[in-house]
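Each structure below is given as structure tokens.
One chain, chain A, appears in both complexes that follow, with chain B as partner in the first and chain C in the second.
What follows is the complex of A and B.
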């Protein structure tokens, strides 16, 4: 690391840093600890640990259903978002056209519109269209709100890429599609795959918008967890949360392998 | 590339799928919600087809809604202030670390962004209870005698939202920090400035655009946060988002809920636009 004229960390800095890091990780550590308790209420596992609250998830059908809904929703939404974001990213990165900035702003707008507003808009729209309770409709709007993430990582992969190999292929008679499939796609694949994983995580985690439009048949895991926690905080909510934390850490590891976690978290390097 | 017209239509062909998705499922529903906010609501018959300004007049004439928006703004301002006070020093500390440790702490500090906000809030609600970790440690340290009421209080909501929003501040400040030219600070030092003067007069002004853009992100995301104020604040402590939820799913007064949602959206868009314009004006002459 270059010295940016900021000096080095003194003792006070290290204490601040330790407390800061503790503040950030404490709630997650607490959940993981509590999930191993053997008591029937929220408590630390130091006086008796067990896996009973993990087994208890298997006996809560509404949580199991919500879990599988969330998985399928995430897979569908991330795939659809990538399918529309990749061509859009190529258009934005490779062409200069009127409306380019507007297109970019529109595709990134789900980041700015509060998810509560999106939730009521979709609730109204679905009830007018008779789409309430439709998994496909839920998947389409989840795809919409994760497009910014797929777009950002794909754009990051395309911008700065040399066009030479693609142009060579074209001049040797390859069609646009062949040039895309054989030259461009392999080059941008890490960005596209990273965007897909990040989109999956964002769709899987989304709660604020989904809480408005989820119906008993299309309740996602965060929404089911939200409703349960709003009523009572029992050890099952902790074991479900612990699984979500560990699952997310696994996906973060994959993301780090594909594109580098710093790129995903900070946006650009 | 056979002719010019073909290559002019190419970008639109490529962006057609995303445009169709966004026009059909974003622009249309938002427009329908704006229209809904002008619909008449009858407590017996529900939403009517007639149009009125009544929903907006009801909000503008009732001090309850002023308090609601004010409470939300104060909550977001508190979270923003805490994020600046904690996030800026931490980012500077991070930037002074060796790359090896930097990587580890980045994942620890920014990683929670990828974990569902319901999960993070649950962790806090376990810690903030009357018998929770925070109260127990404060009592055993002798700092307080009786447990503090942190759950279902604004203090609790602000603490948890600060935890949720801090990574955004760190990212924003980090991005600006990377553009800092170390020679400028060296120049200040060689001209005799002490380390505090160098920091406050040379480094901090350069970090200001990053702090401001982080503040905008934190403020707007706090004002639109739902799960944390709902779970930590409880049913009594209302903010704009939770009252929209209640209008839609409990009172079933959709037109009024839509009007509050439209006002929230207008508020947030104007904060973003206004402060972007301010930043551009203020910093353009300084840095270009």
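What follows is the complex of A and C.
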């Protein structure tokens, strides 16, 4: 059969895809353009471009705090998620045990539950437990919702990897831990790192759930932007958005370098 | 060096797959034993139980008399060469070879010396800093061998190590690896489905079928005087002939095959009933029709260079004869020929062979 990959679309579908892509990209381009405006309201920078709204970010402490909260939250959540995903992926890929399918379903389940539902549920849960306003609690919840991404990529790296190299290491005198550290981990590192980066992006961008449970002390950047837009409409939101767009693109580029973006999004091996 | 004893070793996978039913094998120090069988006969599972990768369901593995049945693989001092070579792709040749030495926490000077020695033994000097992906299949296999030789293992376990090499390289490696094994005196188990490999390399061969050892002996013993019908057909080729027992004396049994009555050097075959006899194609010789024990007509003949393979229709049914391609005329298709054999070469799988 003829291979109909991304490069072999017919004319009709080419037009469709162009329009589709334009539809997605246009708002992003507009936001980036607006961020360079020199006016005090949302406008195109055709009459005068400036970086004033970028400097303005530095003078908005609530945005700076939210930015740092989001960074630390993303780092913590992605790392926690990877610490759960790697052992889980090894167990799922290597062993047949009772509850194996259950474990897999449990770890992937955050993908199935709408984030609004999670937000309301955790809002109630946190206030019951007295955890409202706890950064650690927020980090745990973020770790929970990004685990599926870390797990999928790590699993992709382990499944299909022969056990022989590990067994060879064991018989050459390596303990289980040493065989993991020196043989298996380096071999699956691209998948683990890719999962970590994707988890970080997911955590950083999450707003639907976080808006319910973030408190003044634990406001993330997307939540802070949301609140700001609700109150006033200056181009600072545009400049922050532009930075987020560029940052996400940068991380996606890194992800593409280490694992390949089609592998992440399509699950291609 | 080390002796290895395998006692009643068995592996059952859930729910009830008996991969290995019961293996008993005593391997002497420095001995080279092959586990020969087709896929699914349990040979690899047996090797993995010896290596400690698979936990046996029953039985014991003893190394120099010490029970190691449930010992972790890293405590066994065994060198395993895998069919896939299992090199560490993210490490150079030298790093691969020194891995086992680092695990043993040897001093750096000694590690360097042993790595150089091991690479020299397999003639891979100078490739230290290459990565496995930059090596040919044959070179990778040599690295895998050097890696296990470097740790000076008490037992060498080879899991079909030659099956990914081309035919010429494979036969060179047979000779080379066997030489190395003899020189170092390492007790070795080879798992293979290649009978030529098993015959050329081994001191003894264990022919495996259905999770047990069907035949155990030196290569010559298992080929020349196998005791099971399975071995007759699995190793090399055999003509199977059904004979009717007429009677016997102290040393011989009289049987009728077709219209012929012949004596075979076999006791205890009973006084009646049927008997299945086996004879190797190369033990049958052709002559002029009047001098043969029986006569037959050539149905087909195949030329293989060094030999001719004949299919001959005779009173005994269709017989396969392998004849060395000597100078002079070879009988052609449709010709009448005489077929001869040495009485001792007509064997039975069930009975005991008399001394001849």
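One rule holds for everything that comes next: the second predicted complex is superposed on the first by the 250 of 269 C-alpha atoms of A that agree within 3 Å, B and C clash if a C-alpha of one lies under 4 Å from a C-alpha of the other, contacts with A are read in each partner's own complex, and residues count from 1 in each chain.
What we mean here is this: a residue touches a chain if its C-beta (ideal position, glycine included) is under 8 Å from a C-beta of that chain, and two chains touch if they have at least 3 such contacts.
As the structure is a computational prediction, the values presented were derived from the model and not from experiment.
Asker: With both structures placed on chain A, which of the two partners, chain B or chain C, ends up touching more residues of chain A?
Answerer: Tallying touched residues of chain A, the top partner is B.
Asker: Thinking of the overlay built on chain A, is A:217 touched by chain B (first), by chain C (second), by both, or by neither?
Answerer: In the superposition, A:217 contacts neither chain B nor chain C.
Asker: With the two structures laid over each other on chain A, which partner does A:178 touch: chain B (first), chain C (second), both, or neither?
Answerer: In the superposed model, A:178 contacts chain C only, not chain B.
Asker: Looking at the overlay, does A:164 come into contact with chain B only (first), chain C only (second), both, or neither?
Answerer: A:164 sits against chain C, while chain B stays out of touch.
Asker: Per the contact definition in the header, classify A:230: touching chain B only (first), chain C only (second), both, or neither.
Answerer: first
Asker: Name the contact category of A:187: first (chain B only), second (chain C only), both, or neither.
Answerer: second
Asker: Kindly list the residues of chain A that each of chain B and chain C touches, one partner per complex.
Answerer: Residues 170, which sit in both footprints.
Asker: Spell out the part of chain A that touches chain B in their complex, as residue ranges.
Answerer: Per the touch definition, chain A meets chain B at residues 1-9, 13-14, 16-17, 20-21, 23-28, 30-31, 34, 42, 83-85, 87-88, 90-92, 94-95, 97, 100, 103, 106-107, 109-110, 112-118, 120-125, 128, 140-141, 143-144, 147, 151, 170, 201, 204-205, 207-208, 211-212, 222, 225-226, 229-230, 233, 237-238, 241, 244-245, 248-249, 251-252, 261-262, 265-268.
Asker: Across the complex, what residues on chain B touch chain A?
Answerer: 1, 7-8, 10-15, 17-19, 21-22, 25-26, 28-30, 32-33, 36, 86, 89-90, 92-99, 102-103, 105-127, 133, 163, 166-167, 171, 174-175, 177, 180, 182-186, 188-189, 195, 198-199, 202-203, 220, 223-227, 230-231, 241, 244-245, 248-249, 254, 257-258, 261-262, 264-265, 268-269, 272
Asker: Spell out the part of chain C that touches chain A in their complex, as residue ranges.
Answerer: 51-53, 72-74, 76, 78-80, 82, 84, 86-90, 99-100, 103-104, 147-148, 151
Asker: What residues on chain A touch chain C, complex-wise?
Answerer: Residue list for chain A touching chain C: 162, 164-165, 167-175, 178, 182-183, 186-187.
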